[in-house]
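Quick one: structure below, then a few questions.
By letter and in written order, the chains are A, B, C, D and E; residue numbering begins at 1 in each of them.
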Amino acid sequence: MSILSLRGITKTFGAVAALTGIELDIDSGEVVAIVGDNGAGKSTLVKILSGVHAADSGTISFESAAVDISSPADAHRLGIATVFQDLALCENLNVIENLFLGQEMRALRLDDVAMEVRSWELLRQLSAKIPSVRTPVASLSGGQRQTVAIARSLLADPKVVILDEPTAALGVAQTAEVLNLIERLRDRGLGVIMISHNMADVKAVADKVAVLRLGRNNGTFAVGEVSQEDIVAAITGATDNVVTRRAQSQERLRP
Amino acid sequence: MSILSLRGITKTFGAVAALTGIELDIDSGEVVAIVGDNGAGKSTLVKILSGVHAADSGTISFESAAVDISSPADAHRLGIATVFQDLALCENLNVIENLFLGQEMRALRLDDVAMEVRSWELLRQLSAKIPSVRTPVASLSGGQRQTVAIARSLLADPKVVILDEPTAALGVAQTAEVLNLIERLRDRGLGVIMISHNMADVKAVADKVAVLRLGRNNGTFAVGEVSQEDIVAAITGATDNVVTRRAQSQERLRP
Amino acid sequence: MTDRSEVIKQTDLETPTDLRDERLIGRQGLRGVAEGLLDRIRGGDLGVLPVVIGLIVIWSVFQALNPIFLSSVNLVNLTLECAPVGIIALGVVVVLLVGQIDLSVGSVSGLTSAVMAVLFVDRGLPAWLAILSAIVLGCAIGWIYGQVFNRFGVPSFVITMAGLLGLLGVQLWVLGAKGSINLPFDSGLVSFAQLAFVPAWLSYVFVAVAAAGLFASGYAHARRRRQASLSATSTRLLIARSALVLVGLGVVVWYLNQTRGVGWMFVLFLALVLVAHYVLARTRFGKSIYAVGGNAEAARRAGINVKAVYTSAFVLCTTLAAVGGVLAAARLAAVNQSSGGGDVNLNAIAAAVIGGTSLFGGRGTAFAALLGIVVIQSISSGLTLLNLDSSFRFMVTGAVLLLAVAVDSVARRSRASHGRA
Amino acid sequence: MTDRSEVIKQTDLETPTDLRDERLIGRQGLRGVAEGLLDRIRGGDLGVLPVVIGLIVIWSVFQALNPIFLSSVNLVNLTLECAPVGIIALGVVVVLLVGQIDLSVGSVSGLTSAVMAVLFVDRGLPAWLAILSAIVLGCAIGWIYGQVFNRFGVPSFVITMAGLLGLLGVQLWVLGAKGSINLPFDSGLVSFAQLAFVPAWLSYVFVAVAAAGLFASGYAHARRRRQASLSATSTRLLIARSALVLVGLGVVVWYLNQTRGVGWMFVLFLALVLVAHYVLARTRFGKSIYAVGGNAEAARRAGINVKAVYTSAFVLCTTLAAVGGVLAAARLAAVNQSSGGGDVNLNAIAAAVIGGTSLFGGRGTAFAALLGIVVIQSISSGLTLLNLDSSFRFMVTGAVLLLAVAVDSVARRSRASHGRA
Amino acid sequence: AGQGESASAQGAKIAFLMPDIASTRYELYDAPLFKAKMKELCPTCEVLYQNAGADAAKQQQQANSALAQGVKAIVIDPVDSAAAATIVQSAQAQKVPVIAYDRPIPAAKADYYVSFDNEKIGSLIAKSLVDEVNNKGAKGGLLVVNGSPTDAAAGLIKKGIHTSVDASGLKLLAEYDTPGWQPNKAQEWVSGQIAQFPGQIAGVVAANDGTGGGAIAAFKAADTPVPPVSGNDAELAAVQRIISGDQYNTISKPIKIVAEAAAVIANDFAQGKKPAAKTTLFDTPSELFTPTVVTKENVQKELLGPDGALKVADVCTDAYKAACDKLGIK
């Protein structure tokens, strides 16, 4: 039974049709990777799911009931936690404040000790290399910020976690930790949507790959049954593409 | 002869020592990859080279002459073009305006036709999927923005190109194009510094790999003579790390 | 999948370079323009339209309340009253574009007009020299602001608030024992501001030249774009646009010519707006203004001399404030301690904001000053014609102001829901 | 390479969790605190220090010019004069923190005090009811601002400018033909603002309680942190800090007690500042204010009800403006058409900005209002003691204001060069 | 503070608190004249001059600061007559006498009141203007340009103007309270009225010279003949306009006499003496002076004489030379 399913989602921005008739199903305990070229509409889809944008048309059902996600607060209420591609952190707040934003412990007398302890736990779990959690996010490195954004999505107890290119800025160790984390989330029965341009990562953790191309569905594959080349072909819309050409020339160069 | 060489570069932010005694040499026609964990200080080093931050101590020489890069304009003047990790685009300006920012054609009567033509050329070359170059950058996707930032660095005729995680947000096709581009730049005799967390890309295009760890040099390797595992070990500071453990467990799972 | 990419390749040869992306919803001809417009309206990308609509609402209401409001005489007054503060607002637009503020435009205009009056009337300098000195002084003040801002990083709010107070003091000191200085009614300066009108035939020539110029530049541009195989406005559309301008401006000018016509002072204001628009939209300097306002750090990294941009924005602002101050003095034919005081500051900044300039920098156009000041002066002039208690006068001003800008509401709301917030 | 990571593992057990990163330059004890402070000064992370230094400079200069400036009598006056506008500035801080502005605080304070006076004096309502009505009215105005802002997205600059004008109109209308209303001198309200001083013994008790409270809360907090194996301020340092507060405040209070002492109105102001500080720094609501000001879209995505935050910021601001207005009226023992006019607006906003609140949102503290208003009132009070012409008075005010804030210069410049701009 | 009993005024400080700078007179005449007279009466005394810039709260601050400096007497022209009661209270509580200057303080009994009254001024300028309009037999009605709606003194003048205008039988076409006394606001409003009542404006009663000047500029700018326009304050610029015939009248307040009288009284108080009352107003011992309306006819006599407030050289600049000659002013 799918925990989240989309039917006919369409979204235009001015003269640009960003998404046209998207269909997608996510089951609990399943990792669905969404892949596609730059500007294919992946992040737009994520934003619609997390209530940032409203779809122009189409329906979303959550746990088999049609829902209307008209604000991020709605998405939070349903149990959808999102790591946005642009991270959506408040640069003027420090790491703890960003982690607990909107879900601080003890509303009327913040429990900063408990929050700091929990922050260090979460960050350690993700192998984050952050010297101090009391510095404003503005002074963190790109990867450190991304770690903060990922840690934040785990705080509330979500049912669906959406990760928009979560490992783009991460180092090798942190990437490995996030992939481990995704597997743990799946094992705990959550639905996970992961967007990535890294086919190796996709192949490693995803169960299903949905390809978007120029704002339209361009096929859904079970990971076990498809090769990396096939996915790339679906993304670029041709089997003869720059990636394969490059791979070939590299092969030619190195014996 | 190295076109750019650093000696003893040190930089602290408040109580955090971001860089300590960094040494690095870049030759013309050479691609140097700088790798390291999150927060290792890679972007800080890039910012010092491009005049965004001033180093606390240490010397930089460019074409064998000691230089003082105290502002980005200085770096531009020397011929150092940089793609920053945070891209440094003006969200309120459109793609053309961002590409040509500070180097518009015809200062007193902008030649927008020529600039638009050149923009399309550059973007096509990078396989960018941008529907219109007259939309503000604020409405572009993450990868589209990164493409714009990369395209911008190629406009003026630089001698050294610094790319801070240039392919982090790019799709597979765009990544391949950028790697091709880096090879073309090397062949044209430019010095290229590339920062990346993707070891496959590093191995594919770099000639030399410099590893930073916690703000210090942690070894420089010729790419041909080192394995991916060795680099990862240098980055994480241990041969037994989460990456190797994950690789092992994956191997165990998949026959 | 492959078939679609082949479609792209086929169309490559016919479609202009900038319209080849297959996600673009294609439209052609006049109909396409109308559809695109409708699309933009739905998407909330309306530009100045909401403000214009707000203006029309205000005008209708006041006209209904007092039929003199839209009379030619009153509109002529309106144009003349717009000019001085409008010119000041133009400078404010520039400062707001770089993300700073100038609270002292009123004081600058007051001080420079006082200096002008003292030099001209008391010292007997020729008018042009007195005016020039005033403008140079305005320039110098802005330069000082720029230096203080760049060197010490004091927020411009504080610098210009210090300027607001300090310059008022200097103004009082300059006016000194006199307190108030009359500018002779028969001097060229005062006549320029009060009695100089464009001859009717010349005003029509202006309109014709404007329409023709618009067409010519549009046509040349479209041709170059087509040669570069980019999409271009069709000649038909260009003709339609120019005809619209010709008729629209022509009617306005004809109506004003029913009485005294178009004041030279207003022509000066329009000319400054057009020049400012050109500089902001079509020069490297203009782009650097927007870049600094949008993201100063990004502009710096692009090699732009951010400090110079700040300084020139302050200089432009105070220089235009000086010009506005001189014109205001000429229109009143007097300078006194309250010149530049009262609501000059608030009105100039409000005009810029009402016209759509963002207080956070990077967004707005030179036309904001024109539109904003017309809104403000329309309210003020409309109320002048209604015999109200001052308590109601204030209340109505507040309400109408809000109304005028609230028309933006539809635009902004739908913009936000279309993801362009 | 490996040896270094082993070092980390070894220290893991002894070092507090938050100090384990090996790039942190470790420091211990009082000496470490001093070194850390020096580091922060070099790095430009000075907090309120520059403003305090600016204040000391101003005070020394004025004291040198007229020895009455730092006399107990004059300082008592200073404290009382700070309170009304300071409370208004506190509200302005909140609105600035969410990245908006309120230009109408002056008008709100004028209108609410007029309503209070009419109800209290003309209608004979009990004082508390009149005051309550005024405050509720202030509240309502902010709520309306919030609604207009959220629904129509009109920039707060325009909304509150409309408010500035409209509410002034209402104020004139409420005061009607009378124009000016006296509050009876023997009413509790007026005595509170003019004659109510904390008994000397009680003022010392306050100081002692403040110092003890500071220590107790600091100690409890440090213990909890140590239990959670986080770094914590040493008890020695806590004692030192409390002793400093005890002596510092004690001396100030003692000096004020040489004449009339500490006014209850000033105590009210301080209490409001402390409450506001607590709310901003230690509650979820406070964090959401900073979040909305820093990045409204990020706050929205974090599930914060951004509209509610905006509304409450406006409500807080206008409510505090109402309180300030009532106190200003009580201090003057009269309400007239110009109540809330003059430079109340400018002073309130300037106090917030001078105290370090950013006009762009997200940066500033409740103490900004206190510091800023003390700077402004010190200048004003210092100048009244110098026998200057109005023209020089304005010039000096401008210059001193700039000077006071330019001390920030060192801080900001080095901050920028340390990459924290 | 509080030792007001000392027998000698040697080295005493006296506060002179003026209300605003919208009218030039306080800075230009009242303060210097008062200081000069004080210097003559008591060379060692110090006058603390403050101007409140039309802000009642600021005036209170200035009074408090004066008290903190131990002044022996306060001469105050209140921004707001009602609000000044607080100042009187706290001064008297410290045994410092308060002299109300120019505007009365009805709500609290000051120790002395020296003035001409604003209501009278309003009625005088309006009366003189109405007479001129009637003499000329001009058709139409009057415009009234009042002072700032937030200024108490403007309210008094407005009241005075109405007593004359309402009684005149002339039609009141429209009336306006000029925010902040700003001349350009007055100009804008009058411009609108010229459009609305073309050829019907027989005269404009303006509450001070600045607004009067604005009204005149509006007629000039509309290229229509200027009807009689009133003024008040006898500013230099207004006197020039009267001479050139653009403005009909203004009013000359015997500021010198009043300022000097105030100085004498303040000096008496500072020495611990109690000056005698010439009359009693608002239950306060008072001395009142009458201002004179100035028109083309009496301008030389009232203002440009040897004792006059203005110098011929200042008034008859190049632009006004011819007009001066015509009136025989040298």
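In this section, a residue touches a chain if its C-beta (ideal position, glycine included) is under 8 Å from a C-beta of that chain, and two chains touch if they have at least 3 such contacts.
Quick caveat, the model's predicted, so the values are computed rather than measured.
Q: Would you mind checking the shortest number of contact hops between subunit A and subunit D?
A: When the steps are counted carefully, the minimum from subunit A to subunit D is 1.
Q: Determine the set of chains touching subunit C that also touch subunit E.
A: Chains in contact with subunit C as well as subunit E: D.
Q: Based on the averaged CA atom positions, which chain is farthest from subunit D?
A: B
Q: Taking each chain's centre as its mean C-alpha position, how far apart are subunit B and subunit D in Å?
A: Taking the average C-alpha coordinate of subunit B and of subunit D, the gap between them is 45 Å.
Q: With chain centres taken as the means of their Cα atoms, state the distance from subunit A to subunit E in Å.
A: 74
Q: How big is the gap, in whole Å, between where the Cα atoms of subunit B centre and where those of subunit E centre?
A: That pair's centroid distance is 73 Å.
Q: Taking each residue of subunit D in turn, which ones touch at least two of the other chains?
A: Those would be 21, 23-24, 168, 172, 297, 389-390, 393, 419-420.
Q: Counting only residues that touch at least two other chains, what does the list for subunit A look like?
A: 13-16, 52, 129-132, 139, 214 - these are the residues of subunit A that touch more than one other chain.
Q: Provide the list of subunit E residues touching at least two other chains, using ranges where the numbers run on.
A: Correct list: 21, 27, 149.
Q: For this structure, enumerate the chain pairs that meet the touch criterion.
A: A-B, A-C, A-D, B-C, B-D, C-D, C-E, D-E
Q: Which subunit B residues qualify as touching subunit C in the complex?
A: Residue list for subunit B touching subunit C: 50, 52, 71-73, 76, 82, 84, 88-93, 97, 101-104, 107-110, 113-114, 116-117, 120, 129-134, 138-139, 152.
Q: Under the stated contact criterion, what part of subunit D meets subunit E in this complex?
A: Contacts found on subunit D: 66, 68, 71, 73-74, 77, 81, 84, 168, 172, 179-182, 185, 194, 328, 331-334, 336-339, 341-344, 380-381, 384-385, 387, 389-390, 393.
Q: Considering only the defined contacts, which subunit E positions touch subunit C in the complex?
A: It is residues 21-22, 24, 27-28, 149, 174-177, 179-185, 187-189, 191-196, 198, 209-210, 213-214, 216-217, 220-223, 235-238, 240-241, 246, 314, 317-319 of subunit E that touch subunit C.
Q: Where on subunit A does subunit B make contact in their complex?
A: 13-16, 36-40, 42-44, 85-86, 127-132, 135, 139-144, 147, 165, 168-177, 179-180, 197-200, 204, 214, 232, 235-236, 241-243, 245-246, 250
Q: Flag every residue of subunit C that touches subunit A in the complex, lowest number first.
A: Residues 1-2, 4-5, 21-25, 27, 36, 39-40, 43, 45, 417-420.
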